[in-house]
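Notes for the one structure printed next.
Labels run A, B, C and D following the written order; every chain starts at residue 1.
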Amino acid sequence: MSSFLPPLLVAVPLGIAFLIPLVARRLERLADALGSLATLSLLAIAVIMFPLRGVYRIGGWNPPVGINWVLDGLGNLMLVVVNLVSFAATLFSIRYMERYTAKPRYYSLFLLMVAGMNGVILAGDLFNLFVFLEIASVASYALVAFGGRHEELEASFKYLVLGSIGSTLVLLGIAFAYAVTGYLNMASVSTAIAGRQSSPILLLAAVFFIVGFGVKAAVVPFHPWLPDAHPSAPAPISAMLSGVLIKALGVYALSRVLFNVIGVDRAIATVLIAVGTLSMVVGVFLAVGQWDFKRLLAYHSISQMGYVVLGIGLGGYILAIGGARSSAALAMLGGLFHLANHSVFKSLLFLCSGSIEQATGTRQLKEMGGLRERMPLTRVTCTIASLSIAGVPPFNGFWSKLLIVIAAFQAGFAWLAAITILVSLVTLISFLKVLRYAFLGTLPKTLREIREAPALMSLSLVLLAVLCVGMGLLLVPAVRGLVLDPAVAALSQGLEYARVVLAGQ
Amino acid sequence: MLYTLCFALFLVGLYCVLTKKNTVKIVIGLGIMDYAVNLFLVLLGYRHGGVAPILDRSTNPVDFAARSVDPLPQALVLTAIVIGLGVTSMAIALCIRLYEKYGTFDVTQIRRLKG
Amino acid sequence: MKGMTVIVKTITRWVKVFIFLYGVYIVLTGHLTPGGGFAGGVIIACSYILLTLAYGKEFALKRLGPRTTAGLDSGGALLFLLAALLGLGYGGIFFANFLQKRFPGREFQLASAGIIPIANIAIGLKVGASLFLIFIILSILRIVLDEKGQQSMVQHWPEGKGEE
Amino acid sequence: MGTETILIILLFFMLAGALIAVETKNLLSSVISLGAIGVGSSVAFLFLMAPDLAIVQIAVEVVLLIFLIRGTIARDVIPQRGHIAWGALAVVVVLLAGLLAFGTYAFRGIGRFGQPVISAVQEAPSNRYLAEGVRETGAVNIVAAVILDYRGYDTLGEATVLFAAILGALTILRVKGFTKGGQR
């Protein structure tokens, strides 16, 4: 394939990120414009190249020799989601980030993070995946500490330490894979592994991949950094971290490596289901007791990631035991659709928390109240997002959870379906609390003078809220066949991936 | 034997990161882990009686291809060293900042965040 | 920071040139001998770090201020990206080594290997600048603490000096 | 003395350095031990026929030590202290020991030291680099050919990580995070 579009996905954010410190050191407006234009053009590119499939050979070298990018249904879906959320976040940042100093540098780091995520999603090479994982991680460590206050620095340090352990484990896993096969290209590694029976060294590599990417995805045993890091960051960054970063670096990379390279057997699928369920339950029960709005949202991220991992793991399990392909596809569809949905509503929730924080100066739910009079728009969008995350019809979260529940029933895991519904109920209670304390009740005297968020911030809230309402339409068969089914096919093809990639030469 | 020793070095670093309560010690632990992984990769590529992967005028190219050590892990490690340096510099910057805020490198006295 | 003794300064004056030139040499011959942009860049940064340590920060910063350094840092990165994008423009492929295909130089010559030496120079520039930059920011902070005494934990960046 | 013996001795030296770095109470000794490990691995790279890496490693080592010493050490003269949670420590040690044992068992799946995977897998990209690299890229230093041509994109990523880290450090170290009136 020789389209000129894929390279732009990485080159545009990198170029602008390098350029901003040169030309816009002091010109905040220019940095604003460059940042938003960059993400807008990225979104446009991601949408235009959505139907594109195939292998892009960087430097013109064929796959095992050089590095290659792979464009398939899953990657393209992720690209659209990531760049969509980053556009909303930059739009929101224009006004929101006025509170902070060094705004140009913020945009630089932001774009580096986006470039890292795009690179991870495109990567068809294990080591290249690691490198771009590190770009996105390093930029996000810095962005978490952007405010420079005590808790931000601490959270960032904790995140950096755990994140580095994760990355190092991933690198070690890559080293093992190389030692056994002699390749770094995912497709070639996969073919080389498929030829031999499983050995302890590959098991160790798989464990290191699960732990390493698990840290990035913040699934439960590896989650402790998330409830600190996500609330500490500025709101648009929280939206990016919770909305897309943990998915692109964590779940996407993990499922790519497990499904398409190593191959999911029964044991791995069971681990995924266990981890997913655990995250789902632990996350939501830790969230219920929180009074800090952003911290509450962060715990819910863990819980919602549990749904995604559960859906994908369930699909893998059904495939591994040779069950019906249709129910496996349904489970994966649920997981991936929930991934896309969660990106939208969780980033919307974090942006709402940002606009409330900017207006009231607090994140504590107990200090808010009665905001419905002063911030009607934020109230509406926040309500839509809350109902979405809680799985209330007709919002998008409902449909994806429904798919996971149906798939769990079909696979004979009635108890899993029950847990899923239960967690959903607890989520609903938790968000009713949020809506009650933030928007209903009496307005405290100190907050009489607050104003609704500025127009640009509201614009990005409305954009995401409309998506929350409309994304259910993706399940309409014609649209689904165009958007979601190719993504599911990319995962459920499993080791066929290698054949497809290597045949593209 | 060599692989095991190298893996042990990695685990010593991991042990340091997991158990020590001093931010600088934690950064040192991360550094040790990095070194171990880098060395491991290069160990993988060594060939008995090998030569460095740089062709010189006196060597026959075919002979060179058969005797040189594996260049790919070396290229990877070059990248990994730089990445490690970047992460470590940022960790040091964070340590300095935390020290300014709290006057200590001790994590137990820093912990303000709950849970 | 006042710098170190006369002996150190005198030796540094001689040594720094050699370190710097060695760094440049390593960058330029990266495709022929061991080394390359990264190693050379670190060595170039070392020569400036040595200068700063021996003569004190004012002396070194006068020659290479943080703003210039940051500019070189971004510039090096941009140059490298540009080389990759030129491959896209000329060869139709990102990172295509179009120069090598067009002007295949003789092996073992300095002017060979297409964009590799250019990429080496870009990386050398970038790495040298960024390491010196981070040295400056880490050490200036330290100095401020000295002047204000050990007790003051809240540092202030000297107005108008250093980074912004 | 064979390369393997030398490397084993070197690795024992590095392990000892690591243990000192981890367990000593004095931060300065700890940092210096880290330096010793770095020098050890640089020497190991020389024996493993990786001169590029040896140069980079030693240079990075020097810079890192300067950063660590100037940035942190002079600030904390008090040796670290505090109680030790023996229970957690025991769990971690057992876990890591188990991992080491499993690793030792698993490493039998990798070829013996000195017989790289590229000898067994003829189609491995490394063999192509060695055989065709000079002709295809024009660089006689194959490592340079790999990092700047075959895998040049990785190197762009590497430069970007460094850029992000520097920018991040600048961001973290800036005096004020908020504008006037920004922080309520």
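Points worth noting:
Here, a residue touches a chain if its C-beta (ideal position, glycine included) is under 8 Å from a C-beta of that chain, and two chains touch if they have at least 3 such contacts.
Because the structure is a prediction, the values reported are computed rather than measured.
Pairwise, the chains sharing the most contacting C-beta pairs are B-D. We define each chain's centre as the mean of its Cα atoms; on that basis subunit C and subunit D are separated by 21 Å. Centre-to-centre separation between subunit A and subunit B, using Cα means, comes to 28 Å. The geometric centre of subunit A is 36 Å away from that of subunit C, both derived from CA atoms. Taking each chain's centre as the mean of its C-alpha atoms, subunit B lies 22 Å from subunit C. Counting only residues that touch two or more partner chains, subunit A has 14, 18, 21, 58-59, 102, 127, 131, 134, 138, 141-142, 145, 148, 153, 156, 178-179, 184. Each of the following residues of subunit D touches two or more other chains: 51-52, 56, 60, 63, 67, 71, 75, 103, 107, 110, 117-118, 125-126, 129, 134, 140-141, 143, 145, 147, 149, 151-166, 168-170, 172-174. Counting only residues that touch two or more partner chains, subunit C has 33-34, 36, 38, 70, 73-74, 77, 81, 84, 94-95, 97, 107-108, 127, 134, 137-138, 141, 155, 164. Judged by the touch criterion defined above, the protein chains are all mutually in contact, each touching every other. Listing the residues of subunit A that touch subunit C in their complex gives 2, 4, 6-7, 11, 14-15, 18-19, 21-22, 56-60, 102. If you check the complex, the residues on subunit C that touch subunit D are 26, 30-39, 42-43, 45-46, 49, 53, 70, 73-74, 76-77, 80-81, 84, 94-95, 97, 100, 104-105, 107-108, 112-116, 119-120, 122-123, 126-127, 130-131, 133-135, 137-139, 141-142, 145, 155-157, 163-164.
Put simply, subunit D touches subunit C in their complex at residues 51-52, 54-56, 59-60, 62-63, 66-67, 70-71, 74-75, 134, 137-141, 143-145, 147-149, 152-153, 155-156, 159-160, 162-163, 165-166, 169-170, 173-175. Residue ranges on subunit A touching subunit B, taken from their complex, read 127, 131, 134, 138, 141-142, 145, 148, 150-151, 153-158, 160-161, 164-165, 167-168, 171-172, 175, 178-179, 184, 224, 227-228, 286.
On the side of subunit B, the complex with subunit D involves touching residues 1-9, 11-16, 18-22, 24-25, 27-29, 31-32, 35, 38-39, 42-48, 50-56, 61-62, 64-65, 68-72, 74-79, 81-83, 85-90, 92-97, 99, 104-106, 108.
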